[in-house]
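By letter and in written order, the chains are A, B and C; residue numbering begins at 1 in each of them.
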Amino acid sequence: MRKYYDFFKLRFATGIQYRMASVTALTTQLIWGLMECLAYKAVAEASGGSMPMDYSSIVQYIWLKEALYVFFNTWSSDNELFSMITSGDIAYELCRPLSIYSMWFSRITGARIAETLLRCVPVLICAFLMPRPYRMTLPASGAAFMFFLAALFLALGITITFCMLVYMLCFFTIAPQGWRMVLTGAVEFLSGNVIPLPFFPKKYLFLVELSPFAYMQNVPFRIYSGDLAGSGIYPYILKQIFWLAALLAAGTALWKCAEKRMVIQGG
Amino acid sequence: MIEFNDISKSYRIARRGSGFGNAVRSLFLREYDTIHALNHISFTINDGEMVGYIGPNGAGKSSTIKILSGILSPDSGSCLVNGRVPWKERKEHVRQIGVVFGQRSQLWWDIPVIDSFELLQSIYAIPVSKYRDRLDELTQLLHLEDLLKTPTRQLSLGQRMRCEIAASLLHDPKLLFMDEPTIGLDAVSKIAVRDFIKKMNEEHKTTVILTTHDMQDIEAITNRVILIGKGQKLMDGTLEDLRLAAKSLDPEGENSETDIDHIIAGLYARLNIM
Amino acid sequence: MKIGENIKLYLKYASVCTQSIMQYKVSFFLMITARFMISFCELAAIRFLFDGLTRIKGYTYGDILLCFAIVQMSFTFAELFGNGFKTFSGMVRKGEFDRMMLRPRSLILQVMGSRFELGRTGPLLTAVITLALGIRHSRVTWDMAAVWTITAMTVGGTLLFIGLFILEASFCFFSIEDTSLINVLTYGAKSHGKYPIDIYGRGILRFCTYIIPYTLFQYYPLQFLLGKAQDWYLPLCPLGTVVFWLVCHAVWRYGVKHYKSCGS
């Protein structure tokens, strides 16, 4: 028993040191979210109620984006895997009697969930305590919340399978950093991280909705905020399932390719 | 001339005590441990001398080099290098010193060595004709002909060290500080570096201060040795003095006569400065 | 003479850095494309947001484009020249900064020079496109005063952002590794500064005047440029960023002194 207590104390002591860093991270995210809320407020006032999303939905969207930042971050996450691929150390992973794709998939998912759990609680608490128009609220119904959760995990799966596809592609090029930056930069815009997708003009939105990017953070955030509701939700969830399956298939296929190549080259 | 007079330097290192209570406390107030890196050290080095500055790891060698080159200011004491206080008149002071760090590179990784040299020419504002002469001389002495057009990343360690040394001497410094210049080099490169240092000293009267753990460096190059340990100067004299000191500390020592490495190791042990 | 020599050295640094980067041409090309694309998406975002609106808090689409272009240019120039300060903690860790102290040149010049990165210019293309669009859409009369104002705003903004980068770098001297708060002041300002600051309300406007004086190069001269106010001193506001820069520089010098007495 004593052993576990000591272990806990050790973890906690290192945890405290991280705490300082998370206080500044929290402040950063609150400032960022609040600035966005203020900017959309000005837009909302200018539009006189004819915005493609109503203001309270936008506020929910912004706070969810801040709280679940790590979930859908395509740019700076998963550096461990990425540097393994670029340095060629991934060859060692071949020695393990496991499917590397599923191993990395679960590892990345686990890391993202753990970090998000740590980060999102303080952000959400603060968001629920904000003054009126900028306050985060609960979703319209319990059913909406269940749909939100389902869509959230599907979206997480799509984001991660897509990221892994990008990393695998980087395996075949001589400038992986550059490709990664181009691809993830595009995703950021097309998945609604810069502005929510409903603000896109119809003809562009049609194109984006043909891609997997529209089924990342876009779907769960809009379900939570009530922008997507009722029977409108189903086609989105179905398409999410489709894209998750498609990206999984593409990723494993590409991985097999990479594996063969490595064996031929001898690591 | 270098006058290093009664210099002391101590560092404060943040102490992070073990355990939970200390981790919480360190959020609000940090506690520090004081480490005396240099303790009232004095010496004088004349122009044209070649001095070996030795001592075990953590003895204060790097702090001394840093103070002499103006990167670090001491807590107390005075230091004059050719009449200037190094850390106060940085720009004037560094014009006349060259520093070689054996474990760090100042050459640009991806471009040919000669381009790094040309950048240094601009940095030190060396007149073109003087730069040419100097480059020719260094190229010849260090056998750099075939290396100059090669990017640094493609050089072997020995080749790179020769280029590093040339880079530190392009501006014709009167003083040369070398911090472990032969670390990791193969036998041929080591000998080449030693020969070069001796030649530099003969032809240009360059003063050389060398820290090293390689006692053959000391035997081959220097005529004077300063031994420090735990921040204190323990000895200042010739290599012969060092042998005598070792002998007097341990008259019945088995191998105090034979090998300089053993003499030094014996001295460290007996003076209790490991 | 002395300034001339420093400029010469800076150009030499720039050419060496560029030569280094050109060893990896594909990567360079992709980076510059990616940075252009990301900034271009921001422009698209403004376009989409403005769909169907005529004015936001009194600013037209053209007004906002001008503001966005100026902030984007300032920040890009600051990143181009001040990139060294952004990677400064690495320089200290690897002993590169010690090496700079061994050279008879200004430390700031060496830090700036040794990390000149041409790949940072990608967003400049977006800024130029935005500026052209902004000029076409806005009702600004293009006289000498307007040209001066827009130039001064850009230069002032560059100075202010470089000042913030220097401030961030100075933290390394006191072994503060966590710089996320100051990132809000740089990246946050770039990203949210695309709209005139008064859009965010009184409180933010005050903060951006008295704490970090963004308004000196953005809000106040912009009022003049767009013809919303005629006071003679407004186009001179960007000069005030020099004072802010000097404050940052003083912190830097204090940091260097501290570094000399403490080691790394």
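To be clear about the criterion, contacts are C-beta pairs under 8 Å (C-beta built on N, C-alpha and C of every residue); 3 or more make two chains touch, one makes a residue touch a chain.
Everything numeric here is computed off the predicted structure, so don't read it as measured data.
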| item | value |
| --- | --- |
| Path length in the contact graph (chain A to chain C, fewest steps) | 1 |
| Centroid-based (C-alpha) most distant chain relative to chain C | B |
| Inter-chain pair with the most contacting C-beta pairs | A-C |
| Centre-most chain [mean C-alpha coordinates] | C |
| Chain A-chain C separation of Cα centroids, rounded to whole Å | 29 |
| Centroid distance [mean C-alpha coordinates] between chain C and chain B, Å | 40 |
| Chain A and chain B: spacing of chain centres that average the CA atoms, whole Å | 51 |
| In chain A, residues with contacts to at least two other chains | 20 |
| Residue numbers of chain C (touch at least two other chains) | none |
| Chain B contact footprint on chain C (complex, rising order) | 5, 8-9, 12-13, 16, 19-20, 23, 94-95, 98-99, 101-105, 110, 260-263 |
| Residue ranges of chain B in contact with chain C within the complex | 11-12, 63, 66, 69-73, 87, 90-92, 94-95, 97, 99, 101, 104, 106, 108-111, 115-116, 118-119, 122-125, 151 |
| Partner chain A, residues of chain C touching it in the complex | 24, 26-31, 33-35, 37-38, 41-42, 44-45, 48-49, 51-57, 178, 180-181, 183-184, 188, 192, 195, 199-201, 204 |
| Chain A to chain C touching residues, read off their complex | 20-21, 24-25, 27-28, 31-32, 35-36, 38-39, 42-43, 45-47, 50, 173-175, 177-179, 181-182, 185-186, 188-189, 194-195, 199-201 |
